[in-house]
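Structure first, then comments.
For clarity, chains are labelled A, B and C in written order, and residue numbers in each chain start from 1.
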Amino acid sequence: MRISPYATLPQKVGVWTIRLFALLMCLYLAGPIVVFIPLSFSDKALFHYPIQSFSLRWYHQLVTSPEWLRAVLNSLAVATSASVLATILGVAAAFGLWRARFRGKEAVMMVIMTPMIVPAVISGVSMYLALAKVGLGNTHLGLILAHTALAAPLVVITVSATLSKFDTTLLRAAANLGANPLTAFRRVCLPVIASGVFTGAIFAFALSFDDVVVALFIAGPAQRTLPVQMYMQANDLVDLTITAAATVMLVLSLALMVGVEFMKKREVATAR
Amino acid sequence: MAAPASAAVSFGSVSASEPHDRLWRDLKRSQRAAQLRAIGLILPLVVFLILVFIVPIGMLLSRSVSDLAVPRALPATVAALAGWTPAKEIPPQVYPALVEDIGSAPQMLFGDAAARLETGTPGMRALMMKTRSRLQGAAPSDARKALTGISPKWDTMEGWVAIKQASGPLTDHYLLTALDLHRDELGKVTRVVAYERVFLAAIGRTFGIAFTVTALALLLGFPFAFLAATSSDRVSRILLFTVLLPFWTAMLVRALSWSVLLQRTGIINDALLRLGLVREPLDLMYNRFALCIALIHIFLPYMVLPLYSVMKTIPPQHMRAAASLGARPWMAFRRVYLPQVVPGIGAGALLVFIQCLGVFVVPALLGGPNDQGLPYYIAFYVNRVLNWGLAAALSVILLLSVAVLYALYVRLSGKSAMVLG
Amino acid sequence: MVDLCTRGRNRIATIIAAFLLGTTALAGRAAAADLTVSLQGGPLGEAIKTTLVKPFREESKLDVVSDDRDWGIGAVRAKVEGGGNTWDVVNAEDIEVIQGCDEGIFAHLDTAKISSFDKFVIKNEDRPCGLPSVIYNTSLAYNNAKMTTKPTSWADFWDTKTWPGRRSMVKSPQDVLEIALMADGVPRDDVYKVLATPAGVDRAFKKLDELKPNIIWWTNPGQSRQLLASGETVMSATYDNGIYFFNRTQKTDFGTTRKDAITHTDYWAVLAGSKHEAIAYKFLNYASDAKPAAVLSDALAISVPNSEAVALVPAELRPNLSALPSNMAQAVRSDAQFWVNHYDALSKRFDAWAAQ
């Protein structure tokens, strides 16, 4: 908000108040997110500023202590698998929803969207109950299935959004040129909607990688993911490995965010 | 998703004007095949979600009204109590029936039944376990004497009423408990004793916190979104980035950040002590204040982004036109701008409110004992007490609240998904 | 583009396949073991792994593995009911042993097969499914560095005039209600008698009302020690062995009182239907033998039931052991059976009270 050269004093005060407000809000929004980063490089075992000496001991701990290392690997494996499964199921469904016309499509949409609406505690408790019944409680596979269910709607949404901008005549043109539907999809449609697919996959990965609540119920000690391990250690302030883990998670989230923004740009570019 | 529909219409009109029936049939067939293929693509996800998500939710919710533990473990006793009401004498046949059931029930089922009875009548678990261990699988000739010899409680109504009330297969016990109600010996619904009233307060608290957070998020988010929508491109990008940053950061990480800031040995207290503003560190954590400040931080993006996307569509000329027609700024804002933003406010507020109702991690890390909402109690009854029925009943309440608000959101925003922007 | 796509897809398929294979292979390995010992995570589980499971594996030349588990009999039961249970021996808390025994999840044990059982200071009395494994107290802990006069009783815990500042207690009715009654003057041997009456429960909550503004609730024991170290609390009701262990590793100077401490026992339990019962008994014999037990005792500053182990731990640790007869004489045994019977009702009331 620029100050016009003819502004009266109250107007100037008003503009400055707004500027101050914006600054404070930015501080409030972005400030807390980075506070633990310096702590993670601290040499001392207590939550204390200022930091006297720096070291990488907590990062070392993160990749050498069996519990933390297992948590990191679990998170990577579960998030990757869930994201791949959710993307396969989600892209197929989004494509089908885009092509199909039938009664009850609204109902189908509702089924697909439920995992986004149900509070995480309820999702976690019910899937724990059901997975344990079939012997999948406290297993990696169970956790992957649960995260796939939570993440698939995100893929459907992002892919549907790109598909809605896709010109169907291209598919018919491909069919006229003799391509079978699968080839037509792969060679004509997929390249155009690729950005939506990748965005969806990233969303799915991020969801699985960030989830605490559902994993808290479904994972046993051997399946504990990084957020669950962090949650369990959250009140133990002697061990600052948690700050290193939080920093790693933050950097990863930022990378994913940049990835999604990049996809958006790319999408705009291909649309032109 | 309008493209395929319009394409089909044009096909239809072309073929109707053409007399070539065969071509029309072929086209129909190929369209039908394409339709089937499309449905075939949707099916895997739908089936997957039904199996992995919808059915489990149904299983959980059904636990809030199903009551099978006692009839499974004590079928003969339940049958013997069938026609009985607490107004009548205890029927003599229940004694041998209970002895028979105790002799034949598998240990695990018996344990479930005892735990179920305990949820309705404290002391029943101990009574059932004591009775079983004293009987030692024996079948005494005088069952009544044997049972009342083990505990005089079997001579009174209480134990039998407890079994009768838990005879299933359906029950309102858990739903009543979730509303701080219970059935007395005669089956009349009454409130539980004052010191056991937990859940109504918890429900009120859940909604109260959600309301506070939503209101404050609106108060802070509205001017912020307005700035982002009306500033220059560069400023707007910076503002939006600071909103997206917390949006992408894991909720757990954000909660932990706040605990680093607010602890007694945390950064804020440290700074206050150093500046000499306070002599003793302040208690900033484990209270409502900490919880709300963190929740607003966490959910503010859900308020700002819908507001921003609505505000972006309002041409600045509207306000200028109002001003040129003589409206003072406040008037112009209230009569021209605000009505156009209302859908954004509704969408943002509902998004924040719904998320607040279900939040679990943040209160657990930053709240005190009187800041815990329904999700905490659901987790508690699953993990600590293994009372699935009560956890399910609380889930019913939470899920119903969310569903109603979500339906409202769909109506207001016209979106079927909780997406931003 | 197509090339990239297919190659990418193949790679992804390979990752999934490798991952699924990996998990099944892991599960298969566990199933093939001669004995699987299931332990809760945390310091105790870790210590048992290194001081008992590993040496036993090396000595017996058997494939003995450990597996982690969550707290609560529900976690054990879910494992059994889900099918594919691989656990044979579980280290369980007192309440879990009682519930697991009631529900037939744990097998009745024959203590005649445990050679050192006659040297146990705590026998398994009314725990037919449990063999005592470790013993520890909930005690009053304080920071020596921060006080001139030391507190000696739970009444002192309530005395905020002499010792201003806050105290931490576990966020659970168990232990807290007992402590409140002892602070109110109930002799330790009568605590559970009083607590079994409605008037006794009222009395405990009334006593807690007095201290409520000064209480910080902890949910894991590490927190209670950290609060003491940072000076946020002046006293804490927490596990004594954790305090000694913290003193050793963090070079702090915390003290504990032994009078009116509450003694807890953990147990070994064997799962009903375990296919490796004979090896399970071998392991229980090894774990209760004085020498290996003393190694565990020293590693965590925790007590073990075998009285002969006391002589084998470093002299400076000995006076701190909860199972020392002179220490046990001043303490009260936690009545887990009472808590199995009353936890549901009392925890509800405790929650309502704490949320006020």
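Following the convention adopted for this analysis, contacts are C-beta pairs under 8 Å (C-beta built on N, C-alpha and C of every residue); 3 or more make two chains touch, one makes a residue touch a chain.
Here the structure is a predicted model, which means the values were calculated and not measured.
> Taking the mean of all protein CA atoms as the centre, name the chain whose own CA mean is closest to it.
The chain sitting closest to the overall C-alpha centre is B.
> Computing the C-alpha centre of each chain, which chain sits at the greatest distance from chain C?
Relative to chain C, the chain with the farthest C-alpha centre is A.
> For this structure, which two chains have more C-beta pairs in contact than any other pair?
Counting C-beta pairs in contact per chain pair, the top pair is A-B.
> Report, in whole Å, the distance between the mean C-alpha point of chain A and the mean C-alpha point of chain C.
Those two chain centres are 37 Å apart.
> Rounded to a whole Å, what is the gap between the Cα centroids of chain A and chain B?
22
> Go ahead and note the Å separation of the Cα centroids belonging to chain B and chain C.
32
> Identify all positions of chain B at which a residue touches two or more other chains, and write them in rising order.
Where chain B meets two or more other chains at a single residue, that happens at 265.
> Of all residues in chain A, which are in touch with two or more distinct other chains?
Those would be 46, 133, 235, 237.
> Among the residues of chain C, which are close enough to touch at least two other chains?
230
> Which positions of chain B touch chain A when the two form their complex?
1, 3-5, 7-8, 34-35, 37-46, 48-50, 52-57, 59-61, 63, 220, 223-224, 227, 230-232, 238-239, 242-246, 248-254, 256-261, 263, 265-267, 270, 297, 300, 354, 357-358, 360-361, 365, 375, 378-379, 382, 388, 391, 395, 398-399, 402-403, 406, 416-419
> Could you pull out which chain C residues touch chain A in their complex?
Residues 1-2, 5, 12, 15-16, 19-20, 23, 27, 41, 67-70, 75, 78-79, 81-84, 218-220, 222-223, 225-226, 229-230, 250.
> How about chain A: which of its residues touch chain C in the complex?
45-46, 67, 77, 80-81, 84-85, 132-141, 186-187, 190-191, 220-222, 235-238
> Applying the document's contact rule, which stretches of chain A touch chain B when the two form their complex?
Per the touch definition, chain A meets chain B at residues 1-2, 18, 21-22, 25-26, 28-30, 32-36, 39, 46-49, 89-90, 92-93, 95-102, 106, 108-123, 125-131, 133, 145-146, 148-149, 152-153, 156-157, 160, 163-164, 166-169, 181, 206, 209-210, 212-213, 216-217, 227, 230-231, 234-235, 237, 242-243, 246, 249-250, 253-254, 256-257.
> Taking the complex as given, what residues does chain C use to touch chain B?
72-74, 77, 99, 102-105, 171, 205, 216-217, 230, 232, 340-345, 347-349, 351-356
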